[in-house]
Amino acid sequence: MTEQLSAESLTLFRGDRCLFRDVSFAVNSGELLILEGSNGSGKTSLMKAIVGMLDLESGTVLWNGKPVAEQRQVFHGALVWTAHRVGLKADLTLVENLRFEAALRPQGSDGLEKVLERLGITRLKPLPLRSLSAGQQRRVALARMLLADVPLWLMDEPFTNLDREGRSLVMQLVKEHLDTGGMCVMAAHQDVEIDAPVTKVVLQ
Amino acid sequence: MTAPVRRMPGMLDGLLAVARRDLLLAWKRPGDVLNPLFFFAMVCTLFPLAVGPSAEQLTFSGPGVLWVAALLAMLISLNSLFISDFDDGSLEQLLVSPQPLPLVGLGKTISHWLTSGLPLVLVSPIVAITYRMQGDVVLVLMLTLTLGTISLSLLGSIGAALTVGLHRGTALLSLLILPLSMPVLIIGANTVSLAAGNETYSAGIWALSAYAVGTLSLAPYATAAALRISNE
Amino acid sequence: MWKWFHQLASPPHFYRIVPIFSTLLLLPGLALIAYGVYAGLFLAPMDYQQGDAFRIIYIHVPSAYLSMMAYMIMAVAGGIGLIWRMKLAHAVAASAAPLGAWFTFLALATGSIWGRPMWGTWWEWADPRMMSELILLFFYFGYMALRAAIDDTAKADKAAAVLSLVGVVNVIIVHYSVEWWSSLHQGQTIMAKDGPAMDPAMLYPLLANIFGFTLLFGSLLLRRTRTEVLFRERRTRWVKEMILAPEGQR
């Protein structure tokens, strides 16, 4: 059962400036879409437009053939977005944060312990997020991604603040996700190596 | 092309989860809850100091002063309703969750009222007694404050959503919320004054209830729209 | 009919047709006001209770009425812009705000001047009508402050539209405040159930002024919106072509 995220002629203006024009793509289950471009080229804006946070000047984003605007709840229930900012509460512990996130979207069958071990952050459980380093916080954000049972992963600069081991872990997780029928959209300005079908959208 | 069916959390799950999370956060930072209360008490102390502590003055001005102080204390606490979520990125995460945004906003507003409006109501008798308010009038005060602060929390969430992330959002928030809350202030304070004068005050209670119910049904949608606009 | 509407929504078209319509509204408006002011000051008989002081209603009532109508227009235009994404509607809303604020101020000032000989005070806090008008003025200030605080025009338009729609409820409460709370204001004398309670000689100048001021407001709103549209579209091709076109073709 394949699913598909597609876009037709997306155009976005910010004030008077045109960030991108007539961007189209399609990504199916098992595929990775890479948004490439230098800093400020509009990668994050394109991602925000895909998830519906920014209003497009023209063009449609489709999920499984239907416009996203007509099925907002279904679409948002099928994705997890790891943005620039981690998006977790600094005052709460790792577990309290993830327990909150679990109430928002469908959860997978992998237990919390297993996921934390996979990411190597089990010993950080009782600490407030504030005490964690930036890289560790990133791993907690990845935990949120792994715990959810959603087909579409959107990752904005996922390698930020991660060491080499962390980066290869991310690519491993993405590969596993693709292998189990998921799909991923990634904004990166580094080269990404993966053994899976890759489409690229290059922004100027 | 059909998608596999996944167990989606219920509609109210988001509201409850958000409310619970915010209460947990307030628990970890009790100062945020206590500050507006101290402010309320201080403002109520300022008036007798400035205007004179004569008994008639106190009984006459009591309802009004307490109501204005409550309104200002609510304003202070409303400032931070969405700011921390906006700053750390959790607000955008809420915007892309499948949970209905009006309910998520309502969840935040509910926990905000529980940590600002409700404490005000509970503290008000203590201050009211210093203003020589009689027991039954104090009850009317608490009732009007309960209904009024509910409306204020809801209206305030709209203003907070519109001004989150804006430079000097605080001053602007006050400018936006005060006109919206004036009807509540007028009716609330005047109802307590009527009660103090032994006149029938039920009309005011009905009006405040209607206001609370009205804002409860409409404000969440405005807040959700405002949150989306502010996060563009 | 829809074609006309769609054409109207196009900024260059709107820019071209406004001068005609604004003049069409302005001339009759000024004529009505001229009659209304003259008749109100010289022809209408003295009120047996208030003497000559009542004559200020010829400015006060139209101002108060327009202050609220302007807010309604602002909210409706904002709503249209928000729902149907019409840029012109947002321009109308942005232009209506300062006009509405001025009329509100005028209503408050004339109300205060009227109040002095009537109630012996420059300002009566207890009067809900005056209070509501003052609150309305704060609403206008808040609206304009919100617009000014947001740099991105499209975002400011949307935020302001939401704010004005929320404020509409307050305006409605203002309108009915006379019935809800005891006040010093006259009860509604124009739309009373058995017909107007005013002497026709007093009434006609008042009606003339009300209509005249409304036409004047419409004309000013069109003109202001036209300028607002020009500013918003300053980087588009049609504006550049228009500016560069030789004299006589504009």
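Should a chain be cited, it is by its letter among A, B and C, assigned in written order, with residues numbered from 1 in that chain.
Quick note on the criterion: a contact is a pair of C-beta atoms (placed from the backbone, for glycine too) under 8 Å apart; a residue touches a chain by one contact, two chains touch by 3 or more.
Remember, it's a predicted structure, so these values are computed and weren't measured experimentally.
Asker: Let me spell it out: compute each chain's centre from its C-alpha atoms, then which one is farthest from chain A's centre?
Answerer: Result for the farthest chain: C.
Asker: Could you let me know which interface, A-C or A-B, is made of more C-beta pairs in contact?
Answerer: Between A-B and A-C, the larger count of C-beta pairs in contact belongs to A-B.
Asker: I'd like the Å distance between the centres of chain B and chain C, where a centre is the mean of that chain's Cα atoms.
Answerer: Taking the average C-alpha coordinate of chain B and of chain C, the gap between them is 32 Å.
Asker: Calculate how many whole Å lie between the centre of chain A and the centre of chain B, each centre taken as the average of the chain's C-alpha atoms.
Answerer: Between these chains, centre-to-centre, one finds 36 Å.
Asker: Suppose each chain is reduced to the average of its Cα coordinates; what separation in Å results between chain A and chain C?
Answerer: 49
Asker: What are the residue numbers in chain B that touch two or more other chains?
Answerer: Answer for chain B, listing residues that touch two or more other chains: 232.
Asker: Among all residues of chain C, which ones touch two or more of the remaining chains?
Answerer: Touching at least two other chains: 152.
Asker: By the touch rule stated above, which residues of chain A touch at least two different other chains?
Answerer: 55 - these are the residues of chain A that touch more than one other chain.
Asker: Which residues of chain B touch chain A in the complex?
Answerer: Chain B reaches chain A through residues 1-4, 6-9, 13-14, 16-18, 20-21, 24-25, 28-29, 84, 88-90, 92-100, 228, 231-232.
Asker: Looking at the complex, which residues from chain C come into contact with chain B?
Answerer: Per the touch definition, chain C meets chain B at residues 128, 131, 135-136, 138-139, 141-142, 145-146, 149-150, 152, 155, 158-159, 162-163, 165-167, 169-170, 173.
Asker: Okay, in this complex, where on chain A does chain B touch?
Answerer: 1-4, 51-55, 64-65, 72-74, 76-79, 81, 83-92, 96, 100-101, 103-107, 149-151
Asker: Chain A touches which residues of chain C in the complex?
Answerer: Touching chain A: residues 152-154, 235 of chain C.
Asker: Within the complex, which stretch of chain B touches chain C?
Answerer: Its residues touching chain C are 155, 158, 162-163, 166-169, 172, 175-176, 178-180, 182-183, 186, 214, 218, 222, 225-226, 229-230, 232.
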